[in-house]
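Two complexes, one shared chain (subunit A), two partners (subunit B, subunit C).
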Partner chain A sequence: MFGIDIPLPDFWVVYFFIFWVLVGSTAAPVVFRHKGHHPLIGIVVGAAVGALSGIAFTLLLAALQPLADLLDDPLASILVSIVVSAAIILALLAFVRRFVPESGGAGPRAVEAAGGPRAPVTYSARVDKVDPGWQSVQALRASVVIMLAGLTLIPVIWMAMTAFKSYPDAVASPPKVVFDPTLEGIVTLMTKRRNLDSAQIAEYEARDDLNWADRIMLKSGKAIIGQSDYVKRLRNSLIIAGTSTVLSVSMGLLAAYAFSRFRVPGEGDLLFFILSTRMLPPVVVTIPIFLMYRELGLYDTHLGLIALYTAFNLSFSVWLLKGFIDEIPKEYEEAALVDGYTRLQAFRRIVMPEAVTGIAATTVFCFIFAWNEYAFALMLTTDKARTAPPHIPSMIGSGVVEWAAIAAGSLFFLIPVVIVTFALRKYLLRGVTFGAIRQG
Partner chain B sequence: MEKRPGVFSGKVGLTFLTPALFFVAIFLILPFFWIFYLSFTNRTLTGVTAANPQFVGLENYQRLFDFDQWMRYGQFGNALKITFQFVLGSALLGQAVVGLTVAWAFYRRKGLLRETVFTLAVLAWIIPEVVVAFAWSAFLDVDRGTLNTILSAVGLGQPDWLFDYPLLTIIIFNTWRGSAFSILLFSSALETIPPSYVETADVVGASAWRKFRDIIFPLMRGHILTDLILITLWTFNVFTPFLLTGGGPTFRTELVSIYTYRTAFKFFEFGRGGAIAVVMMLINFMLAMGYLIALRRQKAVS
Partner chain C sequence: MSQANAQALSPQSAAAAPPRQRRQTSDRAIAWLFITPTIVLLVVMNIFPLFYSLYLSFNDYSVIGSEPPKWVALDNYEKILTSERQRYWHNFTVTGRYALLSVGLQLILGFGLAMLLREKFRGSGLITTLILIPMMLSPVVVGLFWKLIFDPSKGFFNYLIYTNPRGGAEWLSDPTLGLWSIVIVDVWMWSPFVMLLCLSGLSAIPDYLYEAAAIDRASAWFQFRRITLPQVMPLLLIAVLFRTIEAFKAFDVVMGLTGGGPGDTTETVAVRLYSEAFLGKFRTGESSALAYIVLIIIIAISNLYIRALNRAREG
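Up next is the complex of A and B:
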């Protein structure tokens, strides 16, 4: 698409150099500033020292290879390399601290040497704020954490990239980092295709009623003949997750209101009882549910999964919403009742608007649960009501593995979850602890 | 909150509750008792015992706890042992320690770095399990996987992770996936500690370790307990590793949840599956009770 075709040096070597340069250039400036130099010098020197460390790391690793071979265990060699990098980082820090000369500038120590502060003291006097050792450890920690976080994201990044690769790019070894992005994977995911021979390809190319998806598939010599199963599964996922979310939130809201405002006999026990259902392992519930659904004809139906997800989410929505409603002063409603509202009106006009954040947060959590759920869907559906989660792994097992298509399927399945989570991350912790912990 | 009779009387409350209780009763309470009943029968999916299950007493349990067999591969004892190692490694040593370390590392820090790390952790946790499993199996692939490509680039060996170290791999995988909860919980617990305590320690020059040991840890004990019980419970029940290893190779990653699944939905022996489920529920029940007691005690303190 963009015609990028630059041969890169070995990607991972580059990655490691970036790592070391980052470590150097974040840890060193602190020391430089402390000793009265401009921090920019620190960044430059740190980057240079970092690059040297990268080389040292590679060489040391090569030197230690016999040792790793001696251990005859790949895991041991990985551990050795971790120890080596930790040692290099520490050596680097000690080096910078020890050999950078003091300067006559305006660093904290320079000010003290001149006989007390001449300018107003703008730096903190706390030990952990002025000790360069402490500060460079902090900076170092930051860069290590970022790199580790980046490493753990590799699987997801890889998936997002694969979703936009063509088939040859997706199976290339070593994996391609730079590639021509294409929508082939997505089209493959959504459609059924048949192979064309060369005469048919020519015929298809002559036609002018092709849409963009047809053209993409034509490039690899295929014609679209219909929708794939994945579209059906995705639709099922939407219907089931959506309906069960609406049901569990509305019923949960009523129940939470009752628990919060009314004198319910045996309230504590009932609440505990509802919560305890969430502690049941899914596999355990599935066995009797499976038998029950076969008797009732609910096996592999939308209704069956909707009912089960609703019941499972209820415990969650009751507890969470109760916490939110408890925070609304009861006096508001009492005043409304005195003014002649019916209870239902008071609920709708007073409680609902006040609890709207809570309702939104609960909706999202219920939706995510139903949307992500795998085990129930695997065991209680086969085809008609099967949702996307059990379908994605089964794509790997059938015929030619369309990596790009699977990656695209996973990616699109993931996007709604990520968006809603970010919108409501403030309530995340409160959500999963059933409202037990408020902030986070 | 005080509840006055009259305006908020009991009977109306119950009508509000009815739909929710109905659903919970049908889909969760009924199965709960049914599984007890099933565990004493020889119910299967097909054959004679499907239509007319016999009452077999404790036979299913005896087969489960048959001590001559039970440590063999693919038996209950083995699954329990693996689950124990898995919970120990992934929940207690993995998630709790990672959570505490990250929360402590970002204590009293604001800004982009903290946001980034927390966001990434939450991302790993909230992504659908099938997506995560797919991304990881590609990451760990022996020939073309990203991990082994990195390792070979720096000259290290390239093990077949899911075959050579299956248990270790799913432990690390589950730690990666589940740490966000501990991180969030611990950092919100840290925020409740009055800053003056730590600042006083700073002034007298206490080391980070001493601050942690003498100030932070005693004040967070309740939260740590909550966290440990909850993550133990979740890790015990987790089914996601099935997507990575399918319980193999040769049952080396067969957790109890996977074992139950295999018995009930591969061999369709619902009676035996029921017996395992009951044992699993008992373990869960004890953990959940622990959690609820801890929660109540915490409330009483605050």
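Up next is the complex of A and C:
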């Protein structure tokens, strides 16, 4: 694997081979279990059926090559092969379903067939879901979804791979799937470098005070001379996103509590006004803000971006938190007030602990927004307070495009978001619709 | 007697006023205390700038120029709506085409995915979350790495849609494909959002509707058309409105991917606004007027959107 250059293989051949094996090995066991056999036999038979269809797909693709040449459109041959191989696997599965004999052993079905008690339904509560036809369709659905999810993730995986490629591998044509992993991209991202001539390289190689990063760069004839701007930008992102999140969630929590529990005059209008600011294109808001910041000396400062992000997230956090607080029964606080708590104590000891999941979800959403934000940062900062999103594209502009470094930069930037997406999965819908719609 | 009792129960409220009335007044104080910081910040950061840019939209002004704003009344609006209409109209048609194509495809794909994921299977939660990842990523970074993917020689996109790449398509530098590449990225990012909305709608449909239909021997197609579709409709409407508003905001992905090019074929309204206001001549007055026109359109759409949201929440 290492050191051998393999170009991008025929992607669809691999993809559909896996796809048909998956379909076969999930759909066939349903039939086998239904007829009283061990499902493992079904998995083996199904995988074999799938592999057969996969091979059929490959052969078809090769056989249809003349057609593709004729139409000058290889896509047609792929589509035909997909349809034909799908027909093949469905026919094979139907054949299996028809001709696999009922188990002769002493399985529950056999007992039932011999006039004994009914075979127990062990794998579903709803009667229509016991039907093998329904189960096969469900297996097919699951396979399709899994393969689509795989397809969706390819760009992200590709970026993660590019981050570990060396410069020639990253810009190879055709693109490489298998390559020598290296940390060159990451080191390039984090450092400033200068080129060395051959005498200097020899001199550097003789030195023994080099760390691993120096050695990696030395391989491509460069010496590290300092930290790159990216580190600074990432730190700015962290400071600005963190501070604005804390501010907007704490202010939003207070406002949401007030809107939820007290009668505020003009409440509907206020809430609409709060939300509508979020709907505007950022550029619309930025023109006057830009002028205002220039007058106040807030242009290209952390404080300026923090204030803007706080204001923008505030609308969102008020709406989201109001939804969460509305769900806490008023009676809890009323009981506490009767017991002699003051309003503030009730808020702190009763409402806040109850709303803690909501607060956590809101915090994360606000953080992601501020972390991902690009337009404001692009227009209101130049250097001192510039965050990572406007910085990453600007790395393209300077001479040779270091795709590996850009991919590494993007990867570091995206990892927190991916982790958070998993943590938040139950609240995603609520977050993106301002708390209006809950996930079922 | 009752006074003494109340004091015994709550030692903190030693004040002379009856506890009930005291609590009410302090409630109002707390309400204002809690809301004021939010309102103040929003007025300073949102309302003031909006009025300021309304003022600017009636002026001839450039932030890099040395002259102060000069009152020209409706000249800026007149320029956009009449004399230079064609240039601006182009940006609106680009935005419209982009919105129509991407929202249409997202609805089909998102709804299809939701139908597939409707019945849970082992691991469906994990798969759903994996599909949702693109939605949460930074749009500009997404635009950037798709730029590499679309590259005709270094990217893999052409290799995926053509088994043997001869003369692959130049996605980002072809005038017609440029918009399509943005649509593809947008669909990749936001179909999961539509899927999520549809899933929540589908899971809310009561089973008895299907059972009643099955007893009446309704076909699967009939059940889909008369039960599933109408029940999910409000959520699809929300998806359409939300994505349309987002289309007017489309800036990050376009900037990361094409920067409005080739030529001005992918220059959406937001990108145009940016280049008017912050590049070249910094035409602040004119861009403020354009911003106000966009603002009016978006407020109209978001009014509909919020009404749809409220209806979905109540129903």
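To be clear about the criterion, the second predicted complex is superposed on the first by the 285 of 440 C-alpha atoms of A that agree within 3 Å, B and C clash if a C-alpha of one lies under 4 Å from a C-alpha of the other, contacts with A are read in each partner's own complex, and residues count from 1 in each chain.
One rule holds in what follows: a residue touches a chain if its C-beta (ideal position, glycine included) is under 8 Å from a C-beta of that chain, and two chains touch if they have at least 3 such contacts.
These figures come from a predicted structure and were not determined experimentally.
In the overlay built on the shared chain, the residue A:Thr310 is in contact with subunit B and with subunit C. In the superposed model, A:Asp326 makes contact with subunit B only, not with subunit C. Contact with both subunit B and subunit C is seen for A:Leu414 once the two complexes are overlaid on the shared chain. By the document's definition of touching, of the two partners only subunit C reaches A:Gly340; subunit B does not.
In the superposed model, A:Trp212 makes contact with neither subunit B nor subunit C. Applying the stated touch rule to the two superposed structures, the overlap between the subunit B and subunit C interfaces on subunit A comprises residues 10-12, 61, 68, 74-75, 77-78, 141-142, 145-146, 149, 152-153, 155-156, 158-159, 162, 171, 173-175, 251-252, 254-255, 257-259, 261-262, 264, 270, 272-277, 279-292, 307-308, 310-312, 314-315, 318, 337, 343, 368, 371-372, 374-375, 379, 389-390, 392-393, 396, 403, 406-407, 410, 413-414, 417-418, 421-422, 425, 428-429, 432-433, 436-440.
On the subunit B side of its complex with subunit A, the touching residues are 1, 3, 5, 7-10, 12-14, 16-17, 19-21, 23-24, 26-32, 34-35, 38, 43, 102, 105, 113, 116-117, 119-120, 122-124, 126-136, 138-139, 143-144, 146, 149-151, 153-159, 164-165, 168, 176, 181, 184-185, 187-189, 191, 199, 202-203, 205, 226, 230, 233, 236-237, 239-240, 243, 257, 260-261, 264-265, 270, 273-274, 277, 280-281, 284-285, 287-288, 292, 295.
Within the complex formed with subunit C, the subunit A residues making contact are 8, 10-12, 61, 68, 74-75, 77-78, 138-139, 141-142, 144-146, 148-149, 152-153, 155-156, 158-159, 162, 170-175, 251-252, 254-255, 257-259, 261-262, 264, 270, 272-277, 279-292, 294, 307-308, 310-312, 314-315, 318, 337, 340, 342-344, 368, 371-372, 374-375, 378-379, 389-390, 392-393, 396, 403, 406-407, 410, 413-414, 417-418, 420-422, 425, 428-429, 432-434, 436-440.
By the touch criterion given at the top, residues 9-13, 23, 26-28, 30-35, 37-39, 41-42, 44-46, 48-50, 52-53, 56, 63, 113, 116-117, 119, 121, 123-125, 127-141, 143-146, 148-149, 153-156, 159-165, 188, 192-193, 196-197, 199-200, 202-204, 235, 238, 242, 245, 248-249, 251-252, 255-256, 269-270, 273-274, 277-278, 284, 287-288, 291-292, 294-295, 298-299, 302, 305-306, 309-310, 312-313 of subunit C touch subunit A in their complex. Note for the complex: subunit A touches subunit B at residues 10-13, 15-16, 58, 61-62, 65, 68, 73-75, 77-78, 81, 126-128, 141-142, 145-146, 149, 152-156, 158-159, 162, 171, 173-175, 251-252, 254-255, 257-265, 270, 272-277, 279-292, 307-308, 310-312, 314-315, 318, 326, 330, 334, 337, 343, 368, 371-372, 374-375, 379, 388-390, 392-393, 396, 403, 406-407, 410-411, 413-414, 417-418, 421-422, 425, 428-429, 432-433, 436-440.
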